[in-house]
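Below, each structure is written out as structure tokens.
Next, two complexes with chain A in common: one pairs it with chain B, the other with chain C.
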Partner chain A sequence: MPPTDASPPPAANIAESGSARPFEIRRVRTRFLGLTLDECIQGFFGGNAFVAVIILALITVFLFREGFKFFPLNQDNLRIYRAAGLEYVQHLRGLDESHLALNRYLQDVRLRGLQAMQVEGVPAAEIKARLAPFDAWTNAFGDAIDPVRGLAGEMGDLSVAAKEAYQQNEDYKVARDQFLAAGKTAEAQAIEIKEVDFAANAAVLRGLLPAAREAAAGASAVIEAQLAALPVFPVAELQPRLARFAELGREYLATYPAALAGMEAWKYDQPVSGLEAFQAFIFGRQWTTASFWQDWYGIVPLFTGSLLISLIALVIAVPFGVGAAIYVNQISTPREQRLIKPTIEFISAIPSVVLGFFGIAILGETLRRLSGWEGLSWLPGFPYAERLNALTAGCLLALIAVPTIFTLAEDAINNVPRAFKEASFALGATKLQTTLRIIIPAALSGIISAVLLGLGRVIGETMVVLLCAGNRIAIPDFGLGLSVVTQPVHTMTGIIAQEMGEVVRGSIHYRALFCVGIVLFLIALVINFLAQKIVRRYKVSVG
Partner chain B sequence: MSSPLPDSANPFAPRPTPARRLEGAVSWIFRIATYFVLACGLSIFATIFWKGSATVFRAEFPFVNTAFFTQAPETLYVFEWQGEKREMGDKEFRVFREAEAAKAAAEGRPAPVIRADSYAHSAGGIFPNVVGTVLLVVGSMTIALTLGVCAAIYLSEYARDTAAVRLIRLAILNLAGVPSIVFGLFGFGMFVIFFDWNVSLLAGWFTLAFMVLPVIITASEESLKAVPKGFREGSLALGATKWQTIRKNVLPYALPGILTSSILGIARVAGETAPIMFTAAFVISDRLPWQVEKFSDMFFQGVMALPYHIYVVSSKIPQNEYTERMQYGTAFVFLFTVGLIALTSILLRNKLRGRYKW
Partner chain C sequence: MDSTATASVPRSRPLATPPASSAGAERGATLIDIKDLDFYYGAKQALFDINLQIPDKRVTAFIGPSGCGKSTLLRCLNRMNDLIDGTSVKRGAIKIRNVDIYGRDVDPIELRKRVGMVFQKSNPFPKSIYENITYGLRIQGVKNKTRLDEVVEKSLRGAALWDEVKDRLHESGLGLSGGQQQRLCIARTIAVEPEVILMDEPCSALDPIATAKVEELIHELKKQFTIIIVTHSMQQAARCSDQTAFFYMGKLIEFDATHNIFMNPKNPQTEAYVSGRFG
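Moving on to the complex of A and B:
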């Protein structure tokens, strides 16, 4: 029995509940609906547990039920994309878009050259004169794409019109069905539905293929000629960038045959398989919604964004979290321990929205200022201009992950049997050797699972990334090396929070967001499962 | 290291070897890492407390900015009037403008044109937000605690250790790690759309309750499991029924643990924004939750909540000297409240930890 027991000992219960004669066993128990009181109580608790379990199962079922309907819808979405000829025209548009990107590159070079000359103190008229040959060349390069662009626009109008007609028809059909369901046959018949003739549309588009070939050939000839005659840039340091441009331009020209072959291979009535719809989501590199051209629901940009931010957070949080755990458990005095542990737990109680606010109000600007500081310019990506980016969000998420990692890692280190430590000391190892060679390896499984759970906490965090990650939907440019951390990104949690409030119920967009939710759900399950498995599998046996 | 002899005289004093110096250096690295984390956390607290206290506290009696706690958020108008800068909340500004127009009309002048800069949500107070948050927390914790504690009692005391029960336990444990936004998504799809409750208090209650449910079940079961088996067996051996045993010999000793986990649950429910963003929270609502025609309507309308308000004021309006006051003030109140709840839980646990030892 515990020493501080306020309740009467169990023996008193019988005396209380029974009659005056304490040892008589009553034969008849009170029954409600044929159940004894105890069975009723058990039933009550069991019912509660049942409800709780049902609810938790319902969450899973509901998520999947709403999410999985996305795939048929996306299949249809892709089918129309193909049937209406958007897929066909996209090849030409792609050429135009890549050309635009090359033009931006040239503009950037020009701007830098301009700034360099201004710094040198060259007068404005002189700058203009010096840049004139370059500008003329740039203009010629820019105009080269015009025939392709014109044709792409023309063909695009045709296919968008076909797509819109189809969508309008679908709306009419829904309206007609609703009228029929309501018994209003007259109104239903008044709705005239003209099926869109995709075949005819495709024939027209196909007919334009020779024109497209001609335009592409013309454009590529002009561009090739331009690339062969690179101008001399007035600022000598930037000349290598022009050479690089020529390289990029040749790579661009090499895409022409592929684009034309793609147009050639287009079949408007080729069916889109369910697998394609699934792949378009899992491997899709674009998340574009409410676009006049085509909506894409590809999770890759969001997933990479989430991953990038989580990695930044973990890179910061793991050394600090594990280091603090080692310090508190092995090095600090008991007094320090009593101070540090509750404080770190207290940090975990800071609501994430407050952290997000702190990031917007203070940390983003502070980090940006810091990045402009001369002494830090050797760091990758410094200085940068965007106040809200992956780094800002990552730093704040690190503060969220540290308490999780700290608490669990400290537990793991604490669970290492004392005998290990004592044996190590007895063999003459120093305290440091014992900690690094004995304690940490013994607790490693626990530490790894702590890091995993920290990752789970970070990847599911919403408010901080929504407020501080910059919310630009694009795959971070990993080609830039480590400076990728200073790019603004969007995340899976952020996109749900941002777009869920505005979607039409039951629409493909709504379902796509549920699919993102399912992905998050699965990631969380996998991380939890792994964490538990690692702890169990590699537990040091205390034998 | 308090030895009565000076170090030089102590034959057992550690000699400074390279290994020891390294040890000292490494432990300093760990120490700095630890205190850096503490410094980061505390600097966030300090910044928000420092800047927020300017809004929340006043130098003279009653020392607290009562308007901030009793009014609803309003738009702030800033304008030049007769050479001096004036700041007014929405209602005050309208009255002022009408008064000026009337004055001008009486004097036969055309009504003065007041060019004011407006800042949304930057005047007034946060009373409806506090009320909304309290309502959300109370409702959802009632649901979650009832379901969670009862389910934990069943799982720990009554259920036999079958494969099904183990599976359920595993599922609950795993659900505890699911991101809150996924619960928000579920709540939106289920309560707001499927049940057609729209954005409402009720939808928020259930969403938040289901979010903390796995946490509460797991934690409560753990504290029930921590009560030694002998307590139950002793009681049963003396002829007590199962319920008597649980009531008298298990629950009293498990209660502290359940209490701490539920207080932590409160901190979590109060602090979460993502699940209520599209299930329960309104950006602005001109009526308080109980100002409804029918009592039952109260549950079917959204409320304003503190965390969502922070999100709105920090993302939707620009940062400047006028908007800053409201932003920091709200963050201060929110952080202080949630921090206090969490602190209570931590202190309570530390106090109770040493109370029962078996």
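Moving on to the complex of A and C:
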């Protein structure tokens, strides 16, 4: 028995020396710079965590600091718009612009008529003869606005000149201040600043009000007469469109008094409140930059664009993501699971620029061709002509959202205690009944938060929308129903990526982009907050 | 009682066929007949040649140290083991009312409607008390509100829970205490009117008072149901069962009236276990 032979001597040694050895339990640690190794390691990890928090805080502060300066600038922007008289003249220009839209309507009717007759095989000369009365009438209608247009142009020149003079002065002032700061007094004094006399300019513009009234009255009389004498359109089927045109024309005429009243009410020196500057951003329906007339920074078209694309993406991604999660977790064999899970998760590893490229090169064109196929013409918005639109971008974003939704939803389903499943089976439920009635309801809040985080992923995505959404800055026409999905749109992320590189640092445009960034930031914050809150509720409910 | 449990049992052994009369089987007649059962988790054999006849409308207790196969056998009786990959009955059969429950044309879903189960840890669904009880009927397609209401009251009364929860039927079942939750699970099980109720250590997570209530309930339930209870507590087995089966290392060591098992065990292993010398 070698082990028992060997063991007693050491035991005896310990027992003997134990009594002699001092009871040494004091802390002995090597120290670097007064810190123990443990403290160094703790400090390293703690420092990293702390730096992350600091950096996030800095980013937030920077974003808000840069962005919030937009509002005073926009306030000034709107003030000049009013003071220089652009606001005043815009009423007249508006009349002209709406008239132009009516003209386009007529041109559209004419084109349709022309095509219809060509299909019938009517010779060209005959078509021209038949359309002659309509063309004469259209021309008369078109010319009716000329006095208004002429006056609007004249007055517009005056107000733009005043605005430009003001802006030049502002630039001069900056230059002068720089010279003064640099101590170059002579140069500073050489800069001559002539303050723009907005009052005088306003008086001139106001003086033109009777002329504007006269022009508007003349135009409206001619238009009214024209509308009263609708021509007979050579293609009978299109006659109802002319009737509709008459309706639109009368609606248009009804805007005249309001426009003139707006001009009447204009006060060049009425101050613009901060609230107005804020509203102009949040509720502004136009995003127009580098315009000769007036720049508008309204987020609505970008926000609706982002929203539309995200909704399309979610409508596609939620069934796929959640369905795949349910399948993988509840139904699939382990082998399928091993195949499906990594595949879906791999999608998230594809760089979004590659997806965008795929969208431009293949998906956009494929969808467009598909939309021309007759069997699919019942789908809303099909067929369509724009290759790049909200639908193309939405499809690709769905691809980006699916891994997020799938992974998180799968986790949520997986976290449903096995006991629920067993209890359900023990009561004689089938697999499907168990899944639909027990597992999914129990995982529902987890699934909802998965969808929310998918939404967050999609709203923040930039490259795909920049490449594939069509980038037309306009509020999508939701009046068209579901076919709105085939319109090109622009997005909040896209506009930042597109314009940030070109703007002057510190300019109003630069700050407006930061404001868009803040809105994105807030959306992400809200989504994450909601998702966390829902998940927490879910944990409580399962107990 | 066959307590030898040797690996090779001659197939020619006379089969102790139960009375063939099915529906109106008299109390105490054999309801479940387990024959020569070998059960495997993958390649690992968990049950060795089990032979056991469980009588109708009685309480049968399965006792034995951890890992002895008593829960495995219990879960064979309603085929809950089917949910675990790789499990299989390699030999032998389980017959309930003379029907082989592992037969090819048996639907385990139908089987589980007849053989209910109560689990070790109470597991009410995260739904209202009412929904918990009616779940089993709803999945069978019962929609009649009056019928459901009746069943809820009857089941809750049957599980001695009605008076405690009648005013909050539509509150979450998870808001009940542990003992109440377990009785809710029993109510949920009896709502579908099974013939057999399997109980897998139903009191192991309960305090003594809640345990006493459940045991009292078991006494009541055996008038209507055949109950098989797996327990770690020998006192519990002694208190509430009519007969007891002692398992060790996947084998049935001894099966007899409870009184005999505890007072007069035939097998020395059984005696060692019930007297607390191991396990």
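The working rule: the second predicted complex is superposed on the first by the 489 of 543 C-alpha atoms of A that agree within 3 Å, B and C clash if a C-alpha of one lies under 4 Å from a C-alpha of the other, contacts with A are read in each partner's own complex, and residues count from 1 in each chain.
By definition in this document, a residue touches a chain if its C-beta (ideal position, glycine included) is under 8 Å from a C-beta of that chain, and two chains touch if they have at least 3 such contacts.
Note that the coordinates shown come from a computational prediction; the quantities given were computed from them, not determined experimentally.
Q: Applying the document's definition of touch, where does A:438 land relative to chain B and chain C: first, second, both, or neither?
A: second
Q: Touching A:417 in the superposition: chain B (first), chain C (second), both, neither?
A: second
Q: Touch test for A:430: chain B only (first), chain C only (second), both, or neither?
A: A:430 sits against chain B and chain C alike.
Q: Which partner does A:496 reach: the first (chain B), the second (chain C), both, or neither?
A: A:496 contacts chain B only, not chain C.
Q: In the superposed arrangement, does A:461 touch chain B (first), chain C (second), both or neither?
A: A:461: touches chain B, not chain C.
Q: Just checking: does A:48 make contact with chain B only, chain C only, both, or neither of them? Give me first, second, both or neither.
A: Only chain B is touched by A:48; chain C is not.
Q: Decide which partner touches more residues of chain A, taking chain B and chain C as the two options.
A: Here the partner covering more residues of chain A is B.
Q: Taking the contacts chain A makes with chain B in one complex and with chain C in the other, which residues are shared?
A: 430, 433
Q: For the complex, give me every residue of chain A touching chain B.
A: 1-2, 4, 6-8, 10-11, 13-14, 17, 37-38, 41-42, 44-46, 48-49, 51-53, 55-59, 62-63, 66, 319-321, 323-324, 326-328, 331-332, 340, 342-358, 360-362, 399, 402, 406, 430-433, 453, 456, 459-463, 466-467, 493, 496-497, 500-501, 505, 513-514, 517, 520-521, 524-525, 527-529, 532
Q: State the interface residues of chain C toward chain A in the complex, per the touch definition above.
A: Interface residues on chain C, with respect to chain A: 78, 80, 83, 85, 109-110, 112-113, 116-117, 119, 121, 123-127, 135-136, 138-140, 172, 174, 185, 188-189, 192.
Q: Chain A touches which residues of chain B in the complex?
A: Counting only chain B, the residues touching chain A are 19-20, 22-23, 26-27, 29-31, 33-34, 36-38, 40-42, 44-45, 47-48, 146-148, 150-151, 153-155, 157-159, 168, 171-186, 188-190, 193-194, 210, 213-214, 217, 234-235, 238-245, 248-249, 252-253, 267, 270-274, 277-278, 307-308, 310-311, 314-315, 319, 324, 327-328, 331, 334-335, 338-339, 341-343, 346-347, 350, 355-356, 358.
Q: What residues of chain A sit close enough to touch chain C in their complex?
A: Per the stated touch rule, the residues are 334, 417, 419-430, 433, 437-438, 441-442, 541-543.
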